[in-house]
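Have a look at the structure below before the remarks.
Lettered A, B, C, D, E and F in written order, each chain numbered from 1.
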Amino acid sequence: MLAQLVRSDLKLPAELTKSITIYLLISVGIHGGIELSHIHLNEAIPSIAIAIVLGIALPIIAYFTIINIGKLDRLNAVAIATHYGSVSAGTFLTAIAFLEVMHVDYEKHPVIMLAIMESPAILVGLMLATSIRKKYALGSPVIESNQQALVKEAFTNGSILLLLGGILIGDIATEKSLKSILPFFDQLFMGVLCIFLLAMGMEAGKKIGDFKLAGRFLIGFGIIMPVLSGCVGVMIGHYVLGFSIGGATLVGVLAASASYIAVPPAMRMAIPEANPSLYLTLALGVTFPFNVVFGIPLYYGFACFLN
Amino acid sequence: MFSIKRIELVIEAVEKSNVIRTLKKINITSYTIYKHVGGAGERGSRDEIAFGEKFENVTFVIACPENRLTTVIESLRPILKSYGGMCLVSDAQWVIH
Amino acid sequence: MLAQLVRSDLKLPAELTKSITIYLLISVGIHGGIELSHIHLNEAIPSIAIAIVLGIALPIIAYFTIINIGKLDRLNAVAIATHYGSVSAGTFLTAIAFLEVMHVDYEKHPVIMLAIMESPAILVGLMLATSIRKKYALGSPVIESNQQALVKEAFTNGSILLLLGGILIGDIATEKSLKSILPFFDQLFMGVLCIFLLAMGMEAGKKIGDFKLAGRFLIGFGIIMPVLSGCVGVMIGHYVLGFSIGGATLVGVLAASASYIAVPPAMRMAIPEANPSLYLTLALGVTFPFNVVFGIPLYYGFACFLN
Amino acid sequence: MLAQLVRSDLKLPAELTKSITIYLLISVGIHGGIELSHIHLNEAIPSIAIAIVLGIALPIIAYFTIINIGKLDRLNAVAIATHYGSVSAGTFLTAIAFLEVMHVDYEKHPVIMLAIMESPAILVGLMLATSIRKKYALGSPVIESNQQALVKEAFTNGSILLLLGGILIGDIATEKSLKSILPFFDQLFMGVLCIFLLAMGMEAGKKIGDFKLAGRFLIGFGIIMPVLSGCVGVMIGHYVLGFSIGGATLVGVLAASASYIAVPPAMRMAIPEANPSLYLTLALGVTFPFNVVFGIPLYYGFACFLN
Amino acid sequence: MFSIKRIELVIEAVEKSNVIRTLKKINITSYTIYKHVGGAGERGSRDEIAFGEKFENVTFVIACPENRLTTVIESLRPILKSYGGMCLVSDAQWVIH
Amino acid sequence: MFSIKRIELVIEAVEKSNVIRTLKKINITSYTIYKHVGGAGERGSRDEIAFGEKFENVTFVIACPENRLTTVIESLRPILKSYGGMCLVSDAQWVIH
């Protein structure tokens, strides 16, 4: 039936999925903010540091993996690698829903990490691409003004602002005023998430036709990369940050997930030589559904095992 | 009515603000924009996907005097080279109001 | 004031009405699915059979009525008749709201019938059109590939999939996980339906200007056809399926309602010779408002009378 | 951070903000209608009269202020003045949220006043423009058919109909049927309003770049005009209509707010000679944010002071 | 195929129904409309703003026989004069079906 | 720049995928699509209605070499015949990038 859905004419209106994404980001921000208001800022510093380190290290590791094992050209490799250093809010939200259905508590720091991890990978990708073009004496087709626009956008894109805005609201609002907005931002959350996953699933399904294009190596990469980085993420969550099972699972999900909203257009602008079908197929058609169906339970299982 | 050149530029949506900046540099501040344009070409098919409106096309229509045509085209060419797209030029009459 | 509304500049955004339709279909599916999870599959077979029989018989009856009494050409007659064999989810939803406001219980099988009755009439319409073209030696202007696309779409169009998807969720989800999504899919239902009816009313009202175009006979048909098939539907619901007052009313509504979402574009593709203004005006401008204002209470009254 | 938001790429889908506006207008109408169903029609007459008087007097006063103190040409002055005679539903809704967070009760008559005050100012603006063109022998570039369309629309535009529709529903619906729609129209109100204010804030912020264009005098006008008319409004609410603190505050807000939905396109059609950037910047970029941040608490404080 | 004139009129959205009325008066009842069109010109930039979709442009494309061109243009000119916009005329071939 | 023919096809939205299939058969895989296009013609007015977006138009713009023009037009003609629409052909210059 899922296959039917994909092949069918049904298409959720684009504005609906955008609206839902906005709602979910604000909601998860508010939830995070409410909890974080009980926490001292100092306590958040380790999570923030880890988020930055992951955002820098993951795309570099991914890049060298693709170059050494696969036989992709370097610029396509950078474009793909960058996606794995950033995060997917959709995957993160699904993980939260998963934990809540399982009645597992989790720390709220990963919500901040989600906001932070959107940006660093994009900068790393930009720098890698520049240095490759220099080293291999490729002429850069990238218009200069684009590069500046990109750096700015990497830090101020919509998702980040909505998340931080939500956190701020949750953090500073009084309990009384929260009460009046929570029916909207709290009670509806899971239902809206349902529709979001339906939309995502359909979008991901439409990418399946492009699988042949990606080739066996890349599809393998799109599955093994998240498994490895997910497990490393869980270990960091458990040993370095000292999180509970739920929190460690979320750090794993952050590490494992690949961005499909913020990074693709950034890479399209920064590396026009790369083929967008490759990275879109991988992030949206392979890694996202893999994480939702197999990855999240796996990272959760691993987190349980460590405890 | 007088003769002008009608430039029709179909380009990826990510490049929209870049095109506007480029036109401004050569003092072209009049243009018409169509958004949410789909298409297919050498670089595959482009269409609104729910989570990536930036993978659509936009179309610019620019009416410019004949003697400015080369300037406009030469400044747009690098963008076309990097990101693909289509640029058509045709003759038209501008109705004076 | 309603007239004002129609003539006014006010237009609900198209994406909003689409989003609302999606929400309503999933919601009604989930409700149905929850109830049906207590029911054995075998018990649903009679309803399914009746749905198919109605979907085949109604357009044929409607076709011969139009041909014999009215003086419409045959292809326009087929196009119109097809609409009356299919169903209108909007009318069905309104009927459910009506029953709930009246505190009348109803069986949930009609929800499955709603999903099933979308398709058969379209096939019947296709076959009627083909045989008419053969019999009267009309050249068919329909491009072949369109015909195949049409048959496929008749069975996998969006409404069907959303309804069945909702039924599946309601059927298999555990009570615990339902609890978290019900605030969205349950509590908001009636409020959203309100907005939906507002949008429908405005759309229907805009069709009123086209009434002259349809002519007296067709307008009469658009009112008498649903009354007759609605009463037959109620009788089938009562005597054949053994439903309560609520359930019989819903079967009546299914029989009486005319599709205005799935069938019009199908007929536009299948019978380009027919005039879309005619069938759109009838389905959306005559039969839909008639059913909502007079039909539903009538079928309900008739169902009470039978009990 | 707010500045970031504005400069960022983030844009709420236009259809979302329209949908939200529709929801808010119906909701506030229903709330008003429920309360008004306990009230006799006669009691509403003074509020209605005051609404009309304000709608006529304010744009005239504003016009002469601009002409005499500022050095704007007359047609631009009329276009701007008209905005201040009409009302901003967004500001009104924020004021209601403000009162509710402060646990201040308020009369429901201002909801009717909100619906009524949309129109008169537009007519006054039209008449002023016509008489100026005659007096100064300017050729009118306005196409005649436009003028008729405008007058019609001034009384039947979407906001008015949605508000009145909501009031009607709230007024005539039984308590039982209201119960089923209130979770949607009541519980979600404040949360949706949050998103609305976010969208408005971003839209307003984008206008800030146009400030230089408006010049110092107009920006001053955009702040002092609402303060003065707001205080007059509060006094009328308190002394003439005998409202409580909450009700008087709302009358103040009605007087102080400048329309940014209905009036701008009306003025564009009626006075094409005027510069839309001026009135849009003032209404949306100056007066709206001023009222939301400083105005509402000010008028509330003044209402408290009068009691 | 036969020759026609292709008129391309970019105008503010508030004027849409006015243009349709005007065309009807001179018996032009065939046209194509593009909505939500952005643009920039002498009267500043026009784009969908969340609370004012009427500050966008719409584009009318009208294919009309050469001998009707002047009538159409002359009846559209007052609207262009008051509200600005762009009106281009070019030659095209109409494919008979 | 070299000369091409610019084909502008306005057709009912239900026919969109049919047109794409038809073009593919004759090896035309480059085109630009405008969706949600309104219009009026012999078959009445077409516009987005809330419950029937398939009763709108879509516009295809196809730039093709002169020698392919007849093939394209002949394969589109049956669709135009059955479902109506407008097809204009004009001359344009393609900017090489």
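Following the convention adopted for this analysis, contacts are C-beta pairs under 8 Å (C-beta built on N, C-alpha and C of every residue); 3 or more make two chains touch, one makes a residue touch a chain.
All values reported here derive from a predicted model rather than from experimental measurement.
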> If you walk touching chains, what's the least steps from chain A to chain E?
Replying inline: 2
> What is the touch distance from chain A to chain C, in steps?
Replying inline: 1
> What is the chain whose Cα centre is as far as it gets from that of chain C?
Replying inline: B
> Looking at CA centres, what chain is most distant from chain E?
Replying inline: A
>> Suppose a student superposes the Cα atoms of chain A on chain D; what rotation angle should they report, nearest 5 degrees?
In response: 120
> For the homomeric pair chain B and chain E, should the interface be classed as same or different, according to whether the shared residue numbers exceed half of all numbers used?
Replying inline: different
> Distance-wise, how many Å sit between the C-alpha centres of chain B and chain F, to the nearest whole number?
Replying inline: 20
>> As a quick test, compute the distance in whole Å between the mean CA positions of chain A and chain F.
In response: 39
> Taking each chain's centre as the mean position of its Cα atoms, how many Å separate chain A from chain B?
Replying inline: 33
> At which residue positions does chain A touch at least two other chains?
Replying inline: 11-15, 18, 187-188
>> At least two partner chains per residue is the criterion; list those residues in chain F.
In response: 34, 36, 81, 90-91
> For this entry, which pairs of chains touch?
Replying inline: A-B, A-C, A-D, B-E, B-F, C-D, C-F, D-E, E-F
>> Considering only the defined contacts, which chain D positions touch chain A in the complex?
In response: 1, 4-5, 7-16, 100-101, 187-188, 190-192, 194-195, 198
>> Quick check: in the complex, which residue numbers of chain F touch chain C?
In response: 12, 14-15, 17-18, 21-22, 43-44, 48-55, 78-79, 81-83
> Can you list the residues on chain E that touch chain F in the complex?
Replying inline: 1, 4, 6, 29-36, 61, 63, 90-95, 97
> Can you name the residues of chain C that touch chain A in the complex?
Replying inline: 13, 15, 18-19, 22-23, 26, 153, 156-158, 161-162, 164-165, 168-169, 176-177, 180-185, 187-188
>> Taking the touch rule as given, give the residues of chain A at its contact with chain B in the complex, in rising order.
In response: 11-12, 14, 17-18, 21, 141-143, 145-146, 149, 199-200, 202-203, 206, 260-261, 264-265, 268-269, 272, 276-277, 280, 284
